[in-house]
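Inspection log for the structure reproduced underneath, given as structure tokens.
Labels run A, B and C following the written order; every chain starts at residue 1.
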Amino acid sequence: MAEEQTLKRAFAEAPPAVLERRGGRGGDRSLWVDVLGASSVLAILFALYLALIWAPTEAVMGDIQRLFYFHVAAAWLALGPSFGVVAACSALYLWKKDLRFDRIASASAELGVMFTTITLVTGPIWARPIWGAYWTWDPRLTTTLVLWFIFVAYLMLRSAVDAGHKRARLSAVFGIVGWIDVPIVFMSIRWWRTIHPTVIASEGGGLAPDMRLALFVAIGAFTLLYAYLLVVRVRQEDLATRLDRVRHQLYLR
Amino acid sequence: MRVRRLWKYYGHFPALRGLDLELERGRFLTVFGPNGAGKTTLIKVLSTQIKPSEGLVEVGGHDVIGAADRVRSQIGVISHNTYLYPSLTAFENLKFYGRMYGVGDLEERSRELLERVGLRGREDDRVSEYSRGMQQRLSIARALLHEPEIMFLDEPYTGLDQHASRMLRGVLATLHDGRRTIFMVTHNLEEGLEMCDEVAIQVAGRICYREPIDRVDREHFGDTYFECVGGGHKWDS
Amino acid sequence: MGFLGQAWTIAWKDILGELRTREMVFSMLLFGFLVILIFNFGIEPGLRDEALVKPGVLWAAFVFAGILGLNRSFSSEKENDCLQGLLLCPVDRAVIYLGKFLGNFVFVLAMSLAVLLFFSVLYNVDVIAVLPGLLVILGLATVGFSAVGTLFSAVSVGIKTRDVLLAILLFPVLVPVILAAAKSSAFVMNGEGLFAGGSWLAMLVVYDVVFLAVSVMVFDYVLEE
């Protein structure tokens, strides 16, 4: 490809200053990332075994209940770590003005969309045979849906602004406001539904010990997967930023 | 006014590249430069409209980041954008900005300024009904409301007809009274050289030429300018 | 001039400009009326929960019409680059936020009152009897709506797709306001009184306080370049 040729030539001619950070942060593959990747794959396999084969079949719901382990794990990641990291890194960016925090926030928001989507897809699949409806306006469901909209809005905002500090500032402001909003959304929807009580009883109340173990393993495995994907995505963005900088320096010459 | 090692990045693009500049109180400096030299960026940093990425910038003895409001109350900005609200009348525009600057005896001051820029009698017309030249004159009045010690002019002649340009020149001449510091950027050589005390040329985010006006050969300034600008691509990274 | 005086000066400038051109208030009003009209076709008369649906229609109309006003709030400052002129003034950025917020609050509230009148005629709801309660709810909800709306209007102002983007950013964050306002106005309209929905009112107050405070704190970052 022509562009690749140009870049290769450019690298060959580039002064050392341009390439100084070649082996640095976000550079070549490092061992701990591979270890993290491998262990998350193993953990997922183990969680699959526990959830699909080892855990006892639920007496009333049958095999469909096995979805529950992944459903809960994805929901936990969406509400907890994903959004937490977005908010924390947004605040850190506004404080330190380091674009790396912005890249972490963005990667975490993308994963947040993924895990919220998994939650929203597995939920109705389970709910149809059990509750007799794909969707009920239960507080948890509705909050997750609103959360999905907030994550998507965050990414839409990012896609509408050119990369750089301006995008980082605007999306950080939105990320923080959105994060503060989620508990209020949850409270409001819970009150809304307690006025009209629903059929749903508490989900995790009487869980058998084996089931509880399978659930915890699933949560752990998903958390590892989240961490691995976050690291990979942030490194990819770091590299893209470096490439962009190199291009600019070459262009300026 | 003091600028040390000023850098401003847009993304990875450095619009200002370690710029140094000093200007004494009461002097009138004109900065020339081609498009993309970072002139507007420089004036925006000096007038606290954008934050510098690196470096020290002091205007009127105050830091533009740490004491932005102190700087803002001392400066007046005239740019090719008028900053006027089109649905308000000239008088209302002045009253609005006057209140924001905390100007005392606003009515009196507004009338005096309207008189000065030749808009007396039209003060109750909406700005949207004004011609481009009249709007620019009103924007001069707006910039002078709070009697700023330092004036920034960003391509003030852009889009003005003969009459309005002459008016602007007249106002500038009265502003240039030895007490007020004036900083103008333009790419128009003739208008820029007219009444300044000092001349500078900015290319690719740096000042590459700086002389007092009496040492500038007006006849051949064009050649000096193109020499500077032409040499612009050779700077090192 | 004090902090609030300057904020009010900014709001007054917006209101005065709008009184001259009337472009925004008219389109907001028409849009609000249209939403009420369209919803009417979606709701069968005599529906079991008709009494519960009505406040929902009202709040949908307020939100959709209100967002038109927010869209104009900062984009009107783009003409002649007025926003830069405003930023050059030696006032705290929080003052600018509060000024724009006050202006939006007045516009949205004025529009809501007119839409409320239209609604009460078309849906046969006697709003006069319950007006004090409704006004309290309307005021609290409009504060929350304008607080977040003003911030996001500033966020989206320089963006090409700002109109759609503002709606996408704003609606999910507004869920608690819409819910609380619709619920508490249902209590009021059913004659149960303002304090039957006391916890909803409390939620509106909490939302208003939290997001006004947060917006004032982060607004500086939105406008800085």
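Observations, loosely collected:
Just so it is clear, a residue touches a chain if its C-beta (ideal position, glycine included) is under 8 Å from a C-beta of that chain, and two chains touch if they have at least 3 such contacts.
This is a predicted model, so every value here is computed, not measured.
Viewed as a network of touching protein chains, the structure reduces to a complete graph with every chain in contact with every other. Of all the chains, the one whose CA centre sits at the greatest distance from that of chain B is A. Averaged C-alpha coordinates give centres for chain A and chain B that are 48 Å from one another. The distance from the centre of chain B to the centre of chain C, with each centre set as the mean of the Cα atoms, comes to 39 Å. With each centre defined as the average position of its C-alpha atoms, the distance from chain A to chain C rounds to 32 Å. Residues of chain C found to touch two or more other chains are 224-225. Residues 44, 47-51, 69-70, 72-73, 75, 77, 79, 81-88, 92, 96-97, 99-102, 126, 135, 142 of chain B are the ones that touch chain C when the two sit in their complex. Chain B contributes residues 10-14, 237 to its touches with chain A in the complex. Listing the residues of chain C that touch chain A in their complex gives 148, 151-152, 155-156, 158-161, 165, 168-169, 171-173, 175-176, 179-180, 183, 199-200, 203, 206-207, 210-211, 214-215, 218, 221-222, 224-225. Taken together, the chain A residues at the contact with chain B in this complex read 15, 17, 162-164, 244-245, 248-249, 252-253. Residues 1, 5-6, 9-10, 13, 16-18, 20-21, 79-82, 84-92, 224-225 of chain C touch chain B in their complex.
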